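There are structures below to look over.
Look for chain A in each of the two complexes below; its partner is chain B in the first and chain C in the second.
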Partner chain A sequence: MLRAILRAGLAAGAIVAASAAFADDDVVNIGLILPMTGQAASTGKQEQAGAQLYLQQHGASVAGKKIALIIKDDGGAADVTKRLAQELIGNDKAKALMGFGLTPLALAVAPVATEAKVPEIVTAAATAMITEKSPYIVRTSFTLPQAAAPMAEWSLKNGIHKVVTFVTDYGPGNDAEKWFSDTFTKGGGTVVEQIRAPLKNPDFAPFLQRVKDDAPDAVFVFVPSGQGSAFMKQFAERGLDKSGIKLIGTGDVTDDDLLADIGDPALGAVTTHHYSVAHPSPENKAFVEAFKKANGGLRPNFMAVAAYDGMALVYGALEKTKGATDGDALIEAMKGASWISPRGPVSIDPQTRDIIQNIYVRKVEKVDGELYNVEFSTIEAVKDPFKAAKN
Partner chain B sequence: MSGEAARISAHLTRRARWGAGEIAFWIGLVALIFVAPSRALLINEILIAGLFALSLDLILGYAGIISLGHAAFFGVGAYGAAILASHGINDPIVGLVIASLIAGLVGLASAPLVLRGSDLTRLMVTLGICLMLGELANKNSWATGGADGLSLELTPIFHLFPIGFTGQRNAALYSLAVLFLLFALARRIVQSPFGLSLRGLRENRLRAGALGISAPRRLIAIYALAAVYAGAAGALVAQTTQIVSLDVFDFHRSADALLMLIIGGTGFLYGGIIGAALFIAIKDGLSTATPEYWEFWIGLLLVALVLAGRERIGARIAGLLPRRARGSAA
Partner chain C sequence: MLTILFDGIAYGMLLFVLACGLSVTLGLMNFVNLAHGAFAMLGGYATALLMNRCGVPFLATLPIAFAAPAILGVALERTLYRRLYGASPLDQVLFTIGLVFMAMPIANYFLGDQPQQVHLPLFLQGRVEWGGVGIGIYRLFIILVCGAIAAALQMFLIGTRFGAQLRAAVDDARVASGLGIDVDRLFTITFAIGCGLAGLGGALAADVVGGIDPTFPVKFMVSFLIVVTVGGSNGVLGALLGALLLGVLDVAGKYYVPSIGAFIIYAVMVAALLIRPQGLFARSGGR
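Moving on, here comes the complex of A and B:
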């Protein structure tokens, strides 16, 4: 037994030691930590493809440095995210960390980013307060208040007076509910009921029955990326699509990645969001075409764009610092950065390090036999209202 | 003392001695932390998973209680440590002890429910308790931070050794120390008459009962003790990563511990630690090589291990054992 124990221990030790990596001065390692497996795997897949596409299109060289992406799977567990972040900084000498599929995963890394002075670029998690947790956090995705408040404003102007809100019960959902409801009631609308569904394994049917019984003008919906198709199917099964109750929400529920799977029940849904695959700009057209080509026809969604822009942010910052990879210099270079993203013009707010971007009002329509979120109105350069309200 | 009792007592004393291999094993672990400081975090994760698997082994391997919801206690320990730290109890050791004891109390309270009925009901009850606790943590976000998770700040151990980002090696050594102490205690317990009586119960509850060994109390005791161990593992995760989120109650935590035990061997105290080392090291290697599809390879490996390798490895280990010292393990 003893020899066997020793042997097993040695074998494990060898594997552990062998997987340690090395670093090179001219190579800038970027750690991309994503949930590639588990419940949020679809986010990981889109983000990975988005970041890799940027690397492929723009080449690995910038300001005399070679960019290397190191992709790690955290499976959606915060302690693993944190360990991976520490190892990427400690062992791989990563100069920036990117990704973070869910709010707790982004928060787990915040103290590491602060202590190690390494930029943490959040390309997914969308709870508003994340960027306040470390001066080294920059965000290229969006915040829920940013997407939800414009929806309330549009509703008020378009004959919607009575609304039921329906959100998933966690950070981003609560943000969406609060900012939609506050803006809506301030403008004279009535929120009849606020419904929250659990994050894990939700069955939407009983909640939807309550929506139906309330008979509002519209139901405002937020569900996390990936749960939209289950929600929309049950929405149609309960006959809500034919009940005259309008479906409005942030763009998560009619996620481009899922629209084909949802099918016709999505038709007519009005959402506000920062990205649609149907965004009519030459930059987006080129982006979508290249993305589909590189990923076997997969449609990019807002997650892919955020990771693509995360890379754009890193490239831009390295050019500005002339290749210097010091964390403080990189963060300074990122503050106020602006560029044309596939989603339209974007910039990083120098005060909050959060993204400023256009929010589009879109309606699900059929174009050439495929469903798209077709943009019909634009609210320009929206800041995160959560942090704007504090200043 | 009758001849039989003397024989058993002598046998127990003999087995209680620490062998050279065992001592080498622990010294090897300490050395590993110093040899590979860059992998201290991974080693830390292995040590904690090993402790958690050891905890499961106490009830599964030694008392025959099947559980699919052992993460319940892991989660209670993790949140216990985090909530204590957020209320000003920032000393890691104090936090660890209190959090483990809280987990033990939860174990004690839920033991009567779990020990009722057959294996299948146990699977359901343990799973159900874990789900309930997970949902409680989710709902009571004023204390737990809900789905956003809870960060914790700790003072250095003995006010000397920080265990955060700057003290990664300290963190691994801290986990190793806790694992070793609890291991030594478990080793003592399973070799005690109490431990023997548990094995008797596992083998044949009716017959053990006929011999005058009362089942419920012993099973409740070991179940609560295992909960303390799982709570300690959870508290260690919380303290060394300084964040807790709802995934500590995830089903995969319970399932992974079971897998580690299957890899390393049940009813064998080193089984959990060896299984954890192999499982996590392989997982880390595979997920670095192929972050998207590593689950496929680990699945294949597990099937291969269970179908082809496990038996042979088990036989080889058994062959090295002095007589029947390992009992009916593996």
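Moving on, here comes the complex of A and C:
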């Protein structure tokens, strides 16, 4: 009898303690809004795994606070993203929002972040102007101009004078085309032709034939990640690789997540990007190993790293504010933050709140029977050229 | 120039196999089946998964890419489609587009949104030059296979008893059944063949379009419908000519004027509808 009463008392006590912990100010909720279903689901999957890995490796407590990740699926629809952001801030008292798989999704949350004074950490969407839409937006992924402009610089220095650009006709494609072409022409190169293919384009054959007949030194490519494999296969099938036309582009085309599926036609493609799973640093080796172990052998790609770094940014900021979670203080602490990411040294530009990072020139090669983007040249500390051009 | 023509014909042939099933159900059975692309997706997935997960050679997967959607087609025809044969076109459209919207997330749930690649065997890869004309071997393969299918279908419809029964049933189902033709069975088989052809088309298209993904049914939906609209919806020949015309014009347009190339097929469709609303290659007075 006595024992039963004791047990009931203990249980009641435990419940009180648990609810106390729940309402505790010491828990910092971070909302992670990702497209876990729909077209961009692979982005969501990589991002979630990246953020969770950071939490798992670094423990949930920082500066006396306990970090809790709340993951929400927006299915890639901007109105849902916005609603989820409002719910996370209103109901869950989230102190920071992270994720945003596509540009419209990040933009939809910008007014919410401004009004609630909550940091919006963009870990995926790559259109340059996003960070200008709210003083509370910080980015840990990359911008397209940041990846495309160095490709032009590298080409000029490496005997490529005549280029045809081939992009898919949508926001990021046009961004990539503009930044590559402008930089390339300014440096004395010639863009023979700018081809834009429609977004829903089942067959690349006519465009590739046109590239072949233009006979440039290289073709600069930007297509949405799913279409990269079709492009490369037909590039090889049409014999463009053998006629001496180089394939260059931003790293989106040779995404680590898709490279194995594209197979050998990707060999020899030269791209510029901020992350390769083959980046030779001890930080990256440890990251890749832990990531694969936690996710059944899945290769991390640049999305996973960006989410991992988004968490690093939050942890760093909380340490700097000594646990204060006020939005303005967090943003101040994030400006100028710098750390060693698996991709190399990165920092947040205090003026633009965009990421400053190394851009690597890589070539697709076969290492131990698997395809990798092997880095062979580094352009250090690249700022987003879109915003740099304005100042 | 000839290379462009060749590529256009190959693309047109692909469109033909993808669309001829639709042309059959629409033209012969007067049924608007927008879910046609979903059957094509099933065929594509059958080939991709059998190759990647079970190591079945490419050519051996093609009969399965035909059979799997055909069997599913029979099941759906028996349980769902037949209820809508007499319904208004709007009901048919709403019902079948609903099927598409169900098929896409189902594929996404089980197989993910990333494209499943079909890796062609070595003998179908590469390219040969004949008299200065670059010919992709796989494209040549597509032309041959699809050409053979078109010929077989035409012979089947014109030359066999089944074909004659089918045409009779389409022209007047009541009289045909009065004459002892089993119209139900006829339509089921026809529908199955249409679905099977879609699946085969999906399997053949997979490599050209960069793998099969859950958006495949809508990727080609517009092209299917244009082919049927332009070619006329009563028979194999119309669909074949329509598909070839569109394939060649699409490829040539994108090659010669890339900036507006993507719109050429729509312009052709508008022109075709203005001149011959029943379809460029339809018999006049056909339904």
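General remarks:
Please note the rule applied: the second predicted complex is superposed on the first by the 356 of 391 C-alpha atoms of A that agree within 3 Å, B and C clash if a C-alpha of one lies under 4 Å from a C-alpha of the other, contacts with A are read in each partner's own complex, and residues count from 1 in each chain.
Here, a residue touches a chain if its C-beta (ideal position, glycine included) is under 8 Å from a C-beta of that chain, and two chains touch if they have at least 3 such contacts.
Model, not experiment: these values are computed from the prediction.
After overlaying the two complexes on the shared chain, residue contacts for A:Gly263 are found with chain C alone; chain B is out of touch. Shared-chain residue A:Ala96: touches no atom of chain B or chain C.
Looking at the superposed arrangement, the partner reaching more residues of chain A, out of chain B and chain C, is B.
Contacts of A:Ile121 after superposition: neither chain B nor chain C is touched. Residue contacts after overlaying the shared chain place A:Ile195 against chain C, while chain B stays out of touching range.
Contacts of A:Thr37 after superposition: both chain B and chain C are touched.
In the superposed model, A:Ala306 lies in contact with neither chain B nor chain C. Of the two partner chains placed by the overlay, neither chain B nor chain C lies in contact with A:Leu330. Chain A residues in contact with chain B (one complex) as well as with chain C (other complex) are 37-38, 198, 200. Touching chain C in their complex are the following residues of chain A: 37-42, 193, 195-198, 200-203, 205-207, 209-210, 226-231, 233-234, 237-239, 257-258, 261-263. By the touch criterion stated above, chain A contacts chain B in their complex at residues 1-6, 8-13, 15-20, 34, 36-38, 44-45, 48, 71-73, 75-80, 82-83, 86-87, 90-91, 102-105, 107-108, 110-112, 115-116, 127, 169-171, 198-200.
On the side of chain B, the complex with chain A involves touching residues 19-22, 24-25, 28-29, 32, 35-36, 38-39, 41-46, 134-135, 138, 146-149, 151, 164-166, 168, 237, 241-248, 250, 252, 264, 270, 274, 277-278, 281-282, 284-285, 287-288, 291-292, 294-295, 313, 316-317, 320-321, 325-326. Interface of chain C with chain A (complex): residues 3-4, 7, 10-11, 105, 108, 112-115, 117, 119, 125-127, 134, 136, 138-139, 205, 207-211, 213, 215, 219-220, 222-223, 250-255, 258-259, 261-262.
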